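Here chain A shows up in two complexes: once beside chain B, once beside chain C.
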Partner chain A sequence: MSTQAKTRLARPRLTRIWRAAALPLVLLAAWEASTRLGLVDPHQLPPLEDVVARGWSESRNGDFLTALAASLGRDLAGFAIGAAIGTASGLLLGFYRPAQSILGPTLRVHRQIALFAWVPLIAVWFGAGEPGKIAFIALAAFQPSLINTWRGVQEIPDRFHELAAVLTFSRLDFLRFVGIPAILPAIFTGLKAALIYAWQATIGAELFMTIAPGIGGVMMQGRQLFQMDLVLLTILLLGLVGAGFNTLAGLSETLLLRRRTS
Partner chain B sequence: MTDLHLGHHLHAVEDTPPSVEGVPGSDRHAILALSRVSKHFDVAGRRVQALSDVSLDIKEGEFLSIVGASGCGKSTLLRLILGLDRDYQGEILLDGQPVKKPGLDRGIVFQEHRLLPWLSVEANVAVALRRSKLSPRQKRDTVRAHLELVGLEKFAEAYPAQLSGGMQQRVAIARALVNRPRFLLLDEPLGALDALTRLRLQDELKRIIQHEGITALLVTHDVDEAVYLGDRIVIMQPHPGRIAGILPVILPRAVDGSRSRSDAAFLRLRDHVLGQLGVGQEDAVVHAAE
Partner chain C sequence: MARAPYFSSPSLQTLALQNPAALAADQHAALLLGGFHPVPTGDGLIAPQAKQGQDEDRVARVHDTGPGGAGTLDRINVAISNWVGDHGGRLLLGLSFPLLLFIVWQASSLYGWLPDQILPAPSLVWQTLQERIADGSLWDDASISLLRVLRGFTLGVGAGLLLGGLMAASRKLHDYLNPLFLAISQVPTLGWVPLLILLVGIDEGLKNILVALSVFIPVTLGTYQGIRDVPHGYREVGQVLTFGRAQMLRTIILPAAVPAIFTGLREGLSNGWQTLVAVELLASTEGLGYQMSYGRQLFQLELVIAAMLVIGLIGFVFDFLLGRIENHLQRWKVAA
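Up next is the complex of A and B:
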């Protein structure tokens, strides 16, 4: 019975993978065909194999890996700071009523301000160097972790509040047995979003603040030297790293919250 | 069997609240006394009367069934007794003391099990002992004992999601009892279960309550259940929620205390209750029980 169920499940999954892969494959084929048929200027869109070759040579070249490591380090530092402050603020806002009325309105307005609008201010306050970049990335990670954690607290079902009241839980017991476990999925959603925002902000910071070792720097360099293969390579890499983050976050979530199927 | 303040809203004299002392000998046994409890909600600017002038005494060791259609305020009544809602008129006395807040002297089983999905069965029961003064060892023992009481000692490590609906509700019963409360409040505890499980759990509930010698207050819309389990049946009617009558259940019991569900007296009483609820006859006459 279980094998039967498995095959029944396996088929749609395969279909799903094919469907997901269809568009990228078509795009790659179109790219390849257009460069081969000479439909586009190879300076503007180099052939696929050039990008692959560039990737190969760059991966053996220490500079590129150093740049990737620099970007990742910056990204994770900013993410850690921003997500920690964001999640903590979300908890404070959710569980401590006065904080909600004092900070809530300000934060709601803060949400309306586009992330990149903070760049000039951050550049002045923290400098455009490493601290400024990390502050910018942290700000990007702060927002989603705050909002999701806060909403998670608000969405703790009434029936659990009532249960805690009936069991005469102390505030601490409520947090330990009801509050925190109930909002873990929301916190995770926030962290996942923060991871993606932080990665985007990393490249943004590298492109719009001062040049520093990093993927954004490599991208700028590729543009200035008109090496489109390098630019395309960095774009592909950004996507891959982002997807990698997503997969890792998903895996750790299922691992940590495995038992909560109800 | 005398019923205290039975349907006193029918009395003409409104300005003299009925006193518990007024009924000789009754206050000694009445451990929960509701007198003239009224409760209203403001829904979208309109005043909705949820409970109107409800008076009720519950005696030590009694099993009281409250039966009524939805909207008759029976769940609201339990919330007030639990101390979850203090915004009402009238008085609710527990051992002569007004109910001010929830306390471990009152255990509750809700219609949905309300188990914490992230805790094992054992931890779900143990969590009710956070405020208990027992030693860790005593806590462990009493959790074990209560899991055995509901027949789930083998599932101590399981998580709620791995259990059937009936088992989940049994865990909730163990959790409600683990503090050895004086009162067990049951808010349609079997309402969400399938018919067979419900019948089985009714027997189990009866056994557990006899074993614990606890005073129980069951709210249900299942008339069979109310008659089968109750020593007395409080019939409530909606709009506004009020007591329409209180019936003693005098039915033959088997040696183990169980009642036959198909006994003629059982069926007669059930039909009588249904009649009072307005089912089976067009103009149900509200009258007090003998």
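Up next is the complex of A and C:
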């Protein structure tokens, strides 16, 4: 490829990176300028370098890592339980009509109850400690994985059913060769949503229930001690974890679904 | 659309994909029972040919069960499905599970399986609901929560429609704004709570901002995707008719983007409601969420459950209303 063609290809990407960075850079500059000029209360918005220094020291003494590990462990435990039950129920409801008739309406109504409305009840039933938190996270992961799997089954095209009938597939074969592959994208959409919901719920559980090691705990501590730098750092951490989950989910989805597109 | 790897027989696969009509139900039912007799046809495809004289009864049964094998389980399913088929049966089946839960709940309180602090009796919840309706306190709490969510929702929808529209309108703006938007949307809404408490306190401002933020994200995404994905042909029609910008937006782009925008709105409203309940649990002295945290502190779970019922009812009504509005706005599709 000639250099000319290369630059022509490279330029849009460079432009895009520049454009993506422009607004955050402007905001950071405004932040820095306003703290330097004393326009804002340093308690409300600490200088940028303080936040960076705090981040450096916190990550060096390992406190952030411990908190992050605690939150992630809780999150994944809840996610695994909730998503497994949710996906399995979605399959059951989709493929077994009596189950759908009996449980469907209840689950549809259950979905309307705001997730966090369960917190007090779960806190009483499971305790506000670790089991309660994990139960709540599991509940959060359960709903999207159930709904998406269920919908995925319902949306299998009729001609797939017809084809399976032509091929005299048994029920099991139908699941293996037609059903599961056809609904994999829907299951993944559900798992992805479940991952995000579970992360939301993890933060919620850590804010609502008893203080436990975790990012939520660090946030509350930062709030109570009025340490804005700590609070800002935890938000950054939350965002990074969220972005990490999204990237991970996207990657595994492309990997697992590659077969379909080929 | 071809999902080649799932099907073992290439000839059948092409048959099904290119000539779905060949797989009419009666034919494949007959095929299923009478075996498969491939017959070459003129266009190189293999056409199935049914063997005549099948047992009518068995064919009918296959019709009902659809794919898969046939066994006792299927027959039971069909029996249940047929029974469910009539409307009354469906309703009854749908109600059977809640009814079962209720019976267990009632039995539990009757025989004292669980203490009232863990699971209050249904009658107690009912009584609480009635009392709170009678003295107006339920309505007070609900109206406070409703007002809050509507305020935040309005703010969030306004901002979301604006940002989504801008990003869809200009590629350049999208490149500038989208990365920051994505970064913000990665943070769980509740993660902003400690920051916002420090910045704006725990008053109405906190609730408005948080609800608005949780509404804003899905509405922006829905609006952006909806407008971006308006089929190119629609825009061309507008150009042919020499529509101006405003006319194009009003008569072509917005109507075509309605489904995606409404997906965003519905998710937004449900998010907003969730968030509001959460914030009221955390930091409030009134509203349904506060009632729940109050009930929890007093170990009066009947208060909690009563509030949960109202919260669920409101969520249900929200979803229903938005669904009705969406259907109304999509009348043109039916006519097309």
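In the analysis below, the second predicted complex is superposed on the first by the 236 of 262 C-alpha atoms of A that agree within 3 Å, B and C clash if a C-alpha of one lies under 4 Å from a C-alpha of the other, contacts with A are read in each partner's own complex, and residues count from 1 in each chain.
Keep in mind that, in the parts below, contacts are C-beta pairs under 8 Å (C-beta built on N, C-alpha and C of every residue); 3 or more make two chains touch, one makes a residue touch a chain.
Quick caveat: nothing in here was measured; it's all calculated off a predicted structure.
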item: Partner contacting more residues of chain A (chain B vs chain C); value: C
item: Which superposed partner A:106 touches (first chain B, second chain C, both, neither); value: second
item: A:177 touches, of chain B and chain C: first, second, both or neither?; value: both
item: First, second, both or neither for A:121, with chain B first and chain C second; value: second
item: Which of chain B and chain C A:219 touches, first, second, both or neither; value: second
item: Touching partner for A:44 - first (chain B), second (chain C), both, neither; value: second
item: Touching both chain C and chain B, counted on chain A across the two superposed complexes; value: 159, 162-163, 165-170, 173, 177-178, 181-182, 259-260
item: For the chain A and chain C complex, residues of the former touching the latter; value: 15-16, 19-24, 27, 44, 96-98, 101-106, 109-110, 112-121, 123-125, 159, 161-171, 173-174, 177-178, 181-182, 196, 199-200, 203-204, 207-208, 219-220, 222-223, 226, 228, 231-232, 234-235, 238-240, 242-243, 246, 259-260
item: Parts of chain C lying in touch with chain A, wherever the complex brings them together; value: 3, 5-9, 12-13, 16, 20, 23, 25, 28-29, 31-32, 36, 48, 62, 66-69, 77, 80-81, 84, 90, 93-98, 101, 117-118, 172, 175-180, 183-184, 186-195, 197-199, 270, 273-275, 277-278, 281-282, 289, 292-293, 295-296, 299, 301, 304-305, 307-308, 311-312, 315-316, 319
item: In the complex, chain A residues that touch chain B; value: 159-160, 162-163, 165-170, 173, 177-178, 181-182, 184, 259-262
item: Residues on chain B engaged by chain A in the complex (per definition of touch); value: 82, 84, 101-104, 106, 108, 110, 112, 114, 116-119, 127-128, 130-131, 159-161
